[in-house]
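You will see two complexes here that share chain A, one where it goes with chain B and one where it goes with chain C.
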Partner chain A sequence: MAEPGSSNGASAGSVLLTHAVGLHARPSVKLTKLAKTFGASIELGTGPEGPWIDAKSIVKVMAAKAPQGTTLHFRAVGPDAGEAVAALVDLVERDFDEAAAHAGNG
Partner chain B sequence: MPGMVERFGRAAAPGLAFGPVHRIADRTVLVRRAGSPDEERAALEAAIATASEDIAALMAAADDDGAAMLEFQLALLEDDALRAPALDAIAGGTDAASAWRDALNAQIEDYRASDDAYFAARASDLQDLSDRVLGHLAGGGAEAAPAPGTILLGRDLTPSRFLALDWSKGGAIALSEGSPSSHVAMLARSRSVPMVVGLSDIPDAAFSEAIVDGESGRLVLDPLPEQRAALAALQSDAALRVGAEAAVLREPAHIASGERVAVLINVAKPDELAAIDPAICDGIGLVRTEFLFSSPAGLPDEETQYRAYRTILEWAGDKPVTIRTVDAGGDKPVAGLTIDGESNPFLGTRGVRLSLERPAIFRLQLRALARAAEHGNLKIMLPMVTVPSEIDRAAALLGAAIEELEAEGIPCRRPPLGIMVEVPAVAVVPELFGAAAFFSIGSNDLTQYTTAAARDIAAVAELGDAGHPAVIALIRNVVEGAAKLGIDVSLCGDMGGDPQLLPALMSAGLRAVSVAPPLVGRVKLALARISGEGA
Partner chain C sequence: MSTQANGNVGIVIVSHSPDVAKGTAEMVRQMVGEEVPLAFCGGNPDGGLGTSVEAILAAIDRAWSEAGVAILVDLGGAETNSEMAIEMQPEARAGRIVVCNAPIVEGAVIAATEASGGASLEAVRRTAEELSPA
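== the complex of A and B ==
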């Protein structure tokens, strides 16, 4: 499902959100924490045309209220943009390292 | 002394507690004197910093689940995007407290408005942050901690307040607002703290003691001596009961005469079954399929439904499994399926009425059920049937679905098609419904429709009594009607799990009940004490 592509410090990728309860509290914390480890500016969109929000802001990521089954789009600009998008796509693909047993526990 | 006050709300965490009452202060009404924009900005930043320290300190003491919840709150609080609208308002001349409260309220309202119960429940996390910062702005810091074992009474309780309290000595929570899907309700369930939400009309008077019953959703303020005595008996019984229930749990149920009674279970989601031993029941008397239709991803496709039904049938082995076709509408709206804006949805297009209005969606469910029938002892049940022709129409659609599947070479089987008896129009003349393969009495709706007391209106809750002689008379009539038609009859409403009402059901001749899984032991024990005479 991942399709990261990179050229000259700009990168984009998309991934299907499979987490049972959507982009909720714990997944959002993990996603924004990871995003903040990169220097690149990173944006998250719930559609291919956005609207784009700051992937480092948990307030904005939670406010997107993305349910399970949403395709998340990432785009980044900066020296480590490629790594950033690849890492974020990977986190979502790993289902935020949460076993299904945690579903609903938020 | 204002005297005893009893209220019923929604159960959010089970258990029974008695203790002194502590009112939770409402932080939304605090006031302070405002300074210049620079002073206000500094005051807000300082209050946010202190609040962050509070949360970090709570995290250090919390367990994994609690810490994860607090980490989420801390991340929100430290995010500049959270405070930006408040800082803008301060620059425009608003005082820090109003600016913060308004900024947070806007976001709280946005979450509350969400259709997704999980996101809607996050409003309480933001309320928690709002209150905590406002508390520091007012200079009060945290209010005095209630003594351990206290019954907390208030509008809503924040997760960080919950985690800051000592629950090791008991205690309970009773709220006028709140939700069973809130973070604090999840925490209460995991810590075995009884909790009731949605209690309307709690008087402002000073109460000294309270009972909270987290199973029935009951709050009793300043209970009478006999209510306290009943509680003590219940609590001492509880320990004995657990042992006695465990002893009979896997035994077949009988009434005192030795006559066998089938005890089945009601299931709302397949994942509930993982923790249940099939040996405790005679089958599944009701599978609610609404869970499949309430996913934020939209209506389920045939494959998703088939897999869910098959999982349930395989769990049950050769025991019967009654799956009810989707019972949306009434108090269970489903996006893309139910009809919005009906003036009285309980009397509107719900249950089989809606399925017949939406044949494309109904067809997928019938196909999935016919395919799943290959994997167990399946029966299909139609909710809200009112006239016999509804059975004929559903049967024709089931027949068409099976013909399609056979033409496509997909293995399938035609399961028996029965009905819920929950509309008085059926219960009065059950003998006209011989097209049904079985009856299952839905006592909750039958009670609501017989007493004309809506289930979701607290003010008439007392009238909606399943023990009303009219309800019992209708049940007896349905049991007799089923006997004349030579078909099975069972009951799958809350009545079947109520030891007070089981004697009347047995006297009415009923010999099969389907109950929530945690009630199986209690029901088997209660049945053993019933003579069942008068049938």
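== the complex of A and C ==
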């Protein structure tokens, strides 16, 4: 499902959101926290042409209210853009580690 | 309920109800994690609904961080007592404690999420307040 492509500090990828309740509170928190660990600027789009929002903004990510079945698009610019997109795609593919959520593993 | 010392902004939750304060703190811990200093208080000394300046002062001490502390409150007295507690702080903490104008539960989760990434106190407050209808 991931289509990471990388070239010289810019990267993009997309992934199908399978989480049953979509990008709600807890998944949004996890996505935002992960995005903040990268130096690259990262944007999240709910369609291939956007609209694009700052993936590090918890308020904007929650407000996007992406439902189950949405294909999430990430694009990043910066030295660690490739790692950032790969990590975010991986988080969504892992379904946000929801099964392990109560083990404090997130 | 205090935490390891670190450089992240601390969060204090002040509700009239001890159950609301505790439940809000649980949501922060489960949804955001352990990276932010967190303390809560609620109820008056007789066990009823209310807030007390002494309890707020103690909560600020437990959640204290050199990066500052953001307080989330529910209704009237929670805010005025929090402001009183801020005024009673030592000079060294001046300007590093703020009350966020945001809903207590959502604001606490949002503020803690922002704080967990190492954001400044002003950024934490601004993010929590983005939630509020203008």
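The rule is simple: the second predicted complex is superposed on the first by the 99 of 106 C-alpha atoms of A that agree within 3 Å, B and C clash if a C-alpha of one lies under 4 Å from a C-alpha of the other, contacts with A are read in each partner's own complex, and residues count from 1 in each chain.
As a working rule, a contact is a pair of C-beta atoms (placed from the backbone, for glycine too) under 8 Å apart; a residue touches a chain by one contact, two chains touch by 3 or more.
These figures come from a predicted structure and were not determined experimentally.
Contacts of A:Lys65 after superposition on the shared chain: chain B is touched, whereas chain C is not.
Contacts of A:Arg26 after superposition: both chain B and chain C are touched. Annotation for chain A, partner touching more residues between chain B and chain C: B.
With both structures placed on the common chain, the touch criterion links A:Ser57 to chain B and to chain C. Of the two partner chains, neither chain B nor chain C is touched by A:Arg75. Of the two partner chains placed by superposition, only chain C is touched by A:Thr37; chain B is not. Under the contact criterion defined above, the residues of chain A that touch both chain B in one complex and chain C in the other are 25-26, 29, 32-33, 57-59, 104, 106.
Within the complex formed with chain A, the chain B residues making contact are 65, 68-69, 71-72, 75-76, 79-82, 107, 110, 114, 116, 118-119, 122, 125, 183, 186, 295-298.
Residues 30-34, 109-110, 113-114, 116-118, 127, 130-131 of chain C are the ones that touch chain A when the two sit in their complex. The part of chain A that touches chain C in the complex is made up of residues 25-26, 29, 32-33, 36-37, 56-59, 101-102, 104, 106. Across the complex, chain A meets chain B through its residues 21-22, 24-26, 28-29, 32-33, 54, 57-60, 62-63, 65, 67-69, 104-106.
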